[in-house]
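Both of the next two complexes hold chain A, though its partner changes from chain B to chain C.
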Partner chain A sequence: MNEAPTSRGDEIGTALYVYGVVPPSTSADLFAGVEGIDSHGLVQLVAAGELAAITSSVPLDEFDEAPLERNVRDPAWLEEKVRAHDRVLEAALSGGTVLPFRFGTIYRGEEHVRKVLSARSDLAKTLARLNGTVEFGVKAFLDRAAMRVRLLAEQGLQDDSPSTGRAYMQRRQVDRQVEEEVRNLAADWAHESHLCLAAAALDGRMNQLPQPELSGDDREAVLNGAYLVRTEETEVFRRALAELEDSYADDLAFQLTGPWPPYNFAEYQEQ
Partner chain B sequence: MSSTPRPLQQQVTLVELVDRVLNKGVVLTGDITLSVADVDLVYVGLRVLIASMATLEAPEAEQA
Partner chain C sequence: MAGPQPASLADVLERVLDKGIVIAGDIQINLLDIELLTIRLRLLVASADKAREMGIDWWEGDPFLGRGTKTALEDRIKRLESRAGIDEESPAEEES
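Right after this comes the complex of A and B.
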């Protein structure tokens, strides 16, 4: 199908995929040797005013609306393209700052990209805010079973099944109390953790908790946070997390990911 | 001490990655727009990725 890379554009038609924007002073060298979302399309900057879009050409037979909708349902295709999208943004981030666009932002040509950049000068302000920052993700997981055992023990009970009817009814009541206590405590802990992390960051977001069946994780998440951190203050943030890990050692397991391009802070606008 | 099975770091990163790339970032109306009809793209994304990870562990069963 794609035996002749050089003539590919002429035969099939291409569009421009946009990964995000960087300051126009950004060196194109950052993207040298970085493979874009399509292996034939070099990653290039398209500048207009105070912004430069990170782009690469993509074949319409894969990225026009109909094929795109089909392709995103193909796990292998989607994983490859999602990784490529992030890889290009990571390369941009290594230059200092990047404002990520959502996956699948595609224009017919450079002129269209320039027109959009010119119309969205607000993006330059957001980009300036994000200068020298990265994002970290923190999830906190609760060991509900262990917590239940502990709360029961505090009432002098064991996590077993009572044999008599009377004890069974009592236990049902205790169970309800324990469940409620677990829920309240977990919410408090998550909120407190978020405040601690946000205090060590420029900004923080508490995102929706992942649906357990889609999280790829058996544990119960109680916090799904994203934090915007100055690159030079990364250690401050890590220390804040280490302190949380210490204080919640028996109750929560924290998971740190990043540094990421500031995906969660791309919509940040001063009101 | 109980040891809960830890998910592979790669799997964790992939899930985090999909959530960010498909769900976050500046939303602009492009010339070509991706509209996965009535289904949240992230949901599709995560489901297919979880499915793909599951099949990685199993012997090759099906080719879509």
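Right after this comes the complex of A and C.
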């Protein structure tokens, strides 16, 4: 195909990486000075109909199937590219609404991108649904040791090591009960917290809990939630979180991240 | 209330690799298991963080925090890779 030999991505050795889509009215200035996934490829919009794709040119020797498969196995490469993907979408978010694509959506050229945009006019509806929204992440962490001390104290026990054999056996039984109670309570709290946060948002998701060894956080997460919030209702959401922080002050530590592009709500199906 | 904190790598990874809308591209990317990718990145981050904290030879210093953690993660990677049928020494190359 030689229909547009000068358009980006059709040059020999390059392809177009697509970060997500925005309304076609979105200003290209948002991306001025924003470094894309490849340092040589400027972030530019490719528009068709009611959609514009956020794109940048990437070298095929890094992003064609075989090299890409190797590269995603390289942690340093992957971290850099994943952060770039997020950085570009954050820039888009600063100007309005953005519908994030999954990492690694790549086309051979601009014409291919336009064809996809024309074929997927349903994305315009999704974009309209996400209009004026951002995503917040909330994690809740449990202080298991403190909880254990408190539950033991409720039974008139101290968190020590009993010296006699009999006391030791009794303690082991109490320990098992305490463990179970901690687990049940934590699950209840996480669920209640999620409901409170979701009530202050347009939508909410409870995601898989991060493994402490993977998240780099030694604390034990009991909630990993994502919430879709209308930009002008950010304060309502923050207040809901502040109330949770007050009511669970002794038991849970909350962590807020965002505003994020609405990654967790991109696939949502309209009822 | 504390304001939002800077996004951790785990938060970014979870979103960029595992969420977002999936649209078929011209180039098919076969991402590894998200957990496996995250572990690999954690290894990198753990190494870098520890290196900053303890000097570049951190792994010589504390067998538990250094080599221990790394070994545990590496073991886990091996287990996951064997589960996924991946041989670390020969990354999947297209037979041509």
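Heads up, the rule we're going with is that the second predicted complex is superposed on the first by the 258 of 271 C-alpha atoms of A that agree within 3 Å, B and C clash if a C-alpha of one lies under 4 Å from a C-alpha of the other, contacts with A are read in each partner's own complex, and residues count from 1 in each chain.
Assume contacts are C-beta pairs under 8 Å (C-beta built on N, C-alpha and C of every residue); 3 or more make two chains touch, one makes a residue touch a chain.
These figures come from a predicted structure and were not determined experimentally.
Engineer: In the superposed arrangement, does A:Phe31 touch chain B (first), chain C (second), both or neither?
Structural biologist: Touch status of A:Phe31: no partner.
Engineer: Using the touch definition from the top, say if A:Trp260 reaches chain B (first), chain C (second), both or neither.
Structural biologist: both
Engineer: After lining up the shared chain so the two structures overlap, which partner does A:Trp189 touch, if you call chain B first and chain C second: first, second, both or neither?
Structural biologist: neither
Engineer: Tell me the contact category for A:Tyr227 with respect to chain B and chain C: first, second, both or neither.
Structural biologist: Once the two structures are laid over each other on A, A:Tyr227 reaches no partner at all.
Engineer: Is A:Ala242 in contact with chain B, with chain C, with both, or with neither (first, second, both, neither)?
Structural biologist: Only chain C is touched by A:Ala242; chain B is not.
Engineer: With the two structures laid over each other on chain A, which partner does A:Ala146 touch: chain B (first), chain C (second), both, or neither?
Structural biologist: first
Engineer: Would you check which partner chain A:Arg219 touches, where first means chain B only, second means chain C only, and both and neither mean what they say?
Structural biologist: After superposition on chain A, A:Arg219 lies in contact with chain B alone.
Engineer: Touching chain B in one complex and chain C in the other: list those residues of chain A.
Structural biologist: Touching chain B and chain C on chain A: residues 15, 18, 20, 63-65, 68-69, 72-73, 75-76, 78-79, 82-83, 85-86, 99-108, 112, 116, 120, 123, 126, 137, 210, 214-217, 255, 257, 260, 263-264, 266-267.
Engineer: Which positions of chain B touch chain A when the two form their complex?
Structural biologist: Chain B residues touching chain A: 2, 4-5, 7, 11-28, 30-37, 41, 43-53, 64.
Engineer: Give every residue of chain A touching chain B within the complex, in rising order.
Structural biologist: Residues 15, 18, 20-21, 63-65, 68-69, 72-76, 78-79, 82-83, 85-86, 99-108, 112, 116, 120, 123, 126, 137, 143, 146, 210, 214-219, 253, 255, 257, 260, 263-264, 266-267 of chain A touch chain B in their complex.
Engineer: Using the touch definition up top, name the residues of chain A that touch chain C in the complex.
Structural biologist: 15, 18, 20, 63-66, 68-70, 72-73, 75-76, 78-79, 82-83, 85-86, 99-108, 112, 116, 120, 123, 126, 136-137, 207, 210-211, 213-217, 238, 241-242, 245, 255-260, 263-264, 266-267
Engineer: Can you name the residues of chain C that touch chain A in the complex?
Structural biologist: 1-5, 7-17, 19-23, 25-32, 35, 37-46, 49, 69, 72-73, 76, 91-94
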